[in-house]
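First chain written, first letter: the chains are A, B, C, D and E, and each begins at residue 1.
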Amino acid sequence: MTLACAATLAARGFDIDLEVGEGERVAVLGQNGSGKSTLLGVLAGTLRPDAGRASLDGRVLFDLGPGRRLWLPPHRRGIALLAQDPLLFPHLTVLDNVAFAPRVGGAPRADARARAERWLEEVEVLPLAGRRPHELSGGEAQRVALARALAAEPALLLLDEPMAAVDVAVAPMLRRVLRRVLAGRTTMIVTHDLLDALLLSDRLVVMEEGRVAESGPTEETLRHPRAGFTARLAGLNLIRGTRDGGGVVGRDGVRIDGTTGDAPALRDGDPAAAAFAPAEVSIYLSPPTGSPRNHLPVTITEVEPHGELVRVRGDDHHGHSIAADVTPVSVAELDLYPGRDVTFVVKAATVTIYPA
Amino acid sequence: SGPAATRAAGGTTVTVFAAASLKATFTRLGRAFEASHPGTAVVFNFAGSQALAEQITQGAPADAFASANEASMATVAGAGLAAGRARPFATNTLTIAVPPDNPAAVATFADLARPGLKLVVCAPAVPCGAATLTLEEATGVTLAPVSEEQAVTDVLAKVRAGEADAGLVYATDVIAAGDSVRGIAFPESSRAVNRNVIVALSGGPQSGLGQEFVDLVRSAEGQQVLADAGFGTAT
Amino acid sequence: MPAAAGAAFVVVPLLALGLRVDWSRFGELLGSPSSLAALTLSLQTSAVATLACLVLGVPMALVLARRRFPGRQVVRSLALLPLVLPPVVGGIALLYTFGRRGLLGQTLDVLGVPVAFTSVAVVLAQTFVALPFLVVSLEGTLRSVGQRYEAVAATLGAPPSTVLCRVTLPLVLPGLLSGAVLSFARALGEFGATITFAGSLQGVTRTLPLEIYLRQVDDPDAAMALSLVLVAVAIGITVATARLGERAHR
Amino acid sequence: MTLACAATLAARGFDIDLEVGEGERVAVLGQNGSGKSTLLGVLAGTLRPDAGRASLDGRVLFDLGPGRRLWLPPHRRGIALLAQDPLLFPHLTVLDNVAFAPRVGGAPRADARARAERWLEEVEVLPLAGRRPHELSGGEAQRVALARALAAEPALLLLDEPMAAVDVAVAPMLRRVLRRVLAGRTTMIVTHDLLDALLLSDRLVVMEEGRVAESGPTEETLRHPRAGFTARLAGLNLIRGTRDGGGVVGRDGVRIDGTTGDAPALRDGDPAAAAFAPAEVSIYLSPPTGSPRNHLPVTITEVEPHGELVRVRGDDHHGHSIAADVTPVSVAELDLYPGRDVTFVVKAATVTIYPA
Amino acid sequence: MPAAAGAAFVVVPLLALGLRVDWSRFGELLGSPSSLAALTLSLQTSAVATLACLVLGVPMALVLARRRFPGRQVVRSLALLPLVLPPVVGGIALLYTFGRRGLLGQTLDVLGVPVAFTSVAVVLAQTFVALPFLVVSLEGTLRSVGQRYEAVAATLGAPPSTVLCRVTLPLVLPGLLSGAVLSFARALGEFGATITFAGSLQGVTRTLPLEIYLRQVDDPDAAMALSLVLVAVAIGITVATARLGERAHR
């Protein structure tokens, strides 16, 4: 694998063991204070663990313990960290902030600036290039900081809540940018947003009280969350396949229509996946005729309470288990029980299709 | 047990402003004065003569002023602060100071003009420098010092450190400096004699006692103390 | 490397000094009444002068760092002047001001507050030369700490005086302490202005540096030894304050 | 009204004119750099406008212009500002940070601490009371800062993105706290989240390039957004009425079932409103029998393209206009046109019910 | 109010000084060859000394502010010592170090680098007394600026030297400038150590303060006038630097 890290930091109750594969993009989820920023700090080298060992692409980042005191300084790690606080250099203009890493990397001044301009353009703040950081709004600063981290083109990119301060209108654009630039690049992104996790990561790491509570392929983990924290958020329905017209066709022939929303443009035949929340699924005893595009005949396998609602699981005979959250009244009225054949109906407008 | 304590006890205090070069001798005379004037304390302000003169003209509460030169005394007298005429009470002549091992083998005044010899003297503006200049003119020996110091102490410090091969200072300074430097007397020194003058001050709070202190300095007892320290007698 | 060179540049001369001192006479020198009187006086006047620097300097630093007014640069450089002024000239300036015939001296005299040639004069001289140290180092810290926390405190309802006591001063405590130490050190070492303005009266105005100066004439060894006492006192105080400062801030 | 503010600040292209009523809670929305933080700064007094006038509860906050130079300093305004950056006092513990405002307000030490503890409890970080700010994670710091602002119990509370750094699991709790403490308190909250706006505000102010682009009652504005920015986000369906069982009964008898989700508990008869996105609405030619609880017979009034989808508006004969976003294929298949009678179907699981 | 009192405390004595100066003789005094030589020498040596302070002091401040090592407090207070040491004693210490018979002087002499009685000695004396000013004020600024930006720069691939040049130093520029100004001012006003260590020869080692001191003995008016020149030079330089600093930062 590319990145392996085991580290403990007693003062923060932090103790993790983690492996990330070549070009894998990892989303880190977890409650406030669960150790997400600590993990990133340890990897970037801004925080020194009590003991542990990490390596990236075969290079040892640190190896600390009884008798071992190896510590690669941050600048030799090839790891860029976009922290929660943008921390733009106050003495440099926005442009020079972004040009910092290219300059340090040895690019001539004009070259570095040109590259910085490209990155500023990407995050749509090029008009602010001449400003000083104290003249930026919170969200603008965060976007410049993102451009600065991206301009470093690191072997491993660490992003700590890159979208937190960004407005709703800008978020889709940034997500698109990140998706493009992170493709095939080993990345670790801390986020509180499931959609980000889904769109921007291959693997999910869920932290709880300084430990990795759950880790696995993003879709899989969001579909069948085990850790309490993930379960509270996720349980998504996901169908993988290839893009076809307005939807996704699964390898087994099942077809789900949806909208691409924020995700980058897809062409027919591109690998794609469709995601929809259980709450979006309606249950009919017989297929109704109406606007919803997706009718999935299933056999109910499970009926369980889920908060205010009831989660009904159905098997679509292609090997997909799909969840629907409905009100208890519906369950009673329709007389839903395991074994009954019903139709799950999902509006295309509520299905997100994204590149897989 | 110092003068300040005595003053605090409510006795009278006589304040004497004296050149720093007089510290050792005047401190002894002060003790003698206190012994003969029970209930009276002598407080000294030792500093450079010119600084003292400046302080006195600015209204410092002094009863007597002993200057190491006549020029500073002139400042005070000019301001009309002297009670009577300033009287010389001791003289100083220059002597050659060399490090104890005398590395440049200096023996005579003329040796000081040897090229390559590191000589330090006082600047012409200060009394010992003025005396040096007088000597040069009188003897026709032209000195090329590497430094013209502001005060005798500065000359001594450099000789003591071995930084300078020789310096021109007062005989009293060489005596006070003990073993750390060696003095080489030379006959030409009598051509430039510096006079220390003393006067009681009219504006002082204890001007009368000031005059008594002046008298003590000029008495036989006072002259003996000064002679012990290497001062010449004033005539 | 250059850091070590810098440290060596300061430490080696002190070492050279230490090597020349006749340590066997050290106790006797220190114990002499005149040395003790000078040391006591020095510590007392320097402490009072440091206090005076705080009282006068903290507001000056605050005004310079926080207010924008025309001529601020000139005022700031005026505040720095005692640094450049040869201390002797500073002493004369003080004499012209607080001396009996000085600008304010006459008034003070009439009020029955004679200043020159008293311990008060020593404090004045020391304050005069030490004040810029406090002002400069505190102003720098105030600037780099910025005003964001002060703004937050104000929106939480704290009036300026409360902001000052509860936010600004605690935040700049390290700068304040190091400024105070600098001032104290400068006051402790003060010589030229004191001898000119306050004179050199044992127990009243003769501080340790003045005692050292006088001793140098008749007993250079004693002067060196006393210098080392001064050095030791200064080290002790700076180390103690630094400890205090570290404890105050995390 | 309680708060009136007109101000210009040329350096930031800022020029607004705003009035807020007694006890009104205002949500401020807008893109990055649109002037939201500037507005808050001007009100709090940390930023001085070039000209303008503002008053709160009859007291003039500032009155600047030719010949007028009135400026009430921040501490005399009774306005607390929680900025985007938490800025906890680094020399005080968490507890003393929160006790700061009560202490300044004159409360005895023990009292102030007790109050601080209560507020820390409210935002669920009481165990951190003894820590120094540099020992907190990003989200923890933000919550402490919120507690500190709340402890000031100001006449006007300004919150700049109070939830941005807070994790998904904590957000509902904070929303609940805010809803309770903001009730009847004049408040201005900057947010990028529609749900926050809906739950925490009575009025919406949308900023665009330093100006107020749109302002009005929150629901109304979210339903019929005029400003481009709002339109891109909102267009929500909203039905007001009283709480009844699992839903809301409109004044006109219409009934919508839904879930209360994050919102505080409601009892029957409490005023309530139901909100659901147009994308959640399915269209059937005749009422189907299935799990969805809400069937609304409507007459189509409008069919218009809306991004990838088509927005169909229907009139429910009670005077409600309801929007449904469906795929173009559905429009063609079902042959939808203005004037046609259809049934709008909405799953209760996708309807948010909140106190009105 | 106290700020004004503080300012007055510094300004009034200067005013008193100004009032006593015979302005009609001012031009003549300034124009005299000895005054000009002293002024030129002072400016040159102070500039070089300031440079030396930067070279030695910046690394010292960095080490003190950024590294944690045992005895850091002691090293720091050692670095402060030239502040407390009466300058004359400092001069003697230098003499014992760099003098002909000093610790290092013998080596230097053998290498053919005589130090004593040359302008180099003046620079050494000035550097010795001015160094702590730079170190203290820069260290304070470094501490309050913190290390967060340095950490960011490192994660962007900048090696320590680059971080230093492109991030740390630009960030502390105000502190660096004010430290340099303090050092320059102190070097410009330096008297005691210079006279003790370097001597006093016109054009070679007699700086303006030495000239002032000498003049005071035979021509006090001239001394006062020259003091004011020193004051004017110092004001000019601090104001100019402050301007520079303000421009550099926003």
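Throughout what follows, a contact is a pair of C-beta atoms (placed from the backbone, for glycine too) under 8 Å apart; a residue touches a chain by one contact, two chains touch by 3 or more.
None of these values were measured; they are calculated from a predicted model.
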| remark: A correct list of chains touching both chain C and chain D reads none
| message | Starting at chain B, how many touching-chain steps does it take at least to reach chain C? | response | 1
| task | Would you kindly tell me how far, in whole Å, the mean C-alpha position of chain E lies from that of chain A? | result | 57
| request: Please report how many Å separate the Cα centroid of chain D from that of chain E, as a whole number. | output: 59
| note | Per the C-alpha centroid definition, the whole-Å distance linking chain A and chain D comes out as 26
| said: If a residue has to touch 2 or more other chains to count, which residues of chain A qualify? | reply: 85
| task | For chain E, jot down the residues that touch at least 2 other chains. | result | 92, 96, 102, 213, 216
| said: Using the touch definition from the top, which residues of chain B touch two or more other chains? | reply: 54, 157
| query | All pairs of touching chains? | reply | A-D, A-E, B-C, B-E, C-D, C-E
| field | Complex interface listing, chain C residues touching chain B | value | 33-34, 37, 88, 92, 95-96, 99-102, 105, 114, 116-117, 195-196, 199-205, 213-214, 216-220
| request: Using the touch definition up top, name the residues of chain B that touch chain E in the complex. | output: 48, 50, 54, 71, 118, 120, 123, 125-126, 145-150, 154, 157-158, 161-163
| task | Under the touch definition given earlier, write down the residues of chain B that touch chain C in their complex. | result | 1-5, 15, 17, 20-21, 23-24, 43-47, 51, 54-55, 57-61, 152-153, 156-157, 160, 173, 176-178, 180
| task | Using the touch rule from the top, collect the residues of chain C that touch chain D in their complex. | result | 148-149, 151-160, 162-163, 166-167, 170-171, 173, 249-250
| Touching chain C in the complex: which residues of chain E? | 1-3, 5-7, 9-17, 19-20, 55-60, 62-63, 73-90, 92-94, 96-97, 102-104, 127-128, 131-132, 135-137, 139-141, 143-145, 174-175, 178, 181-182, 185-186, 188-189, 191-192, 209, 212-213, 216, 223-224, 227, 230-231, 233-235, 238-239, 242-243
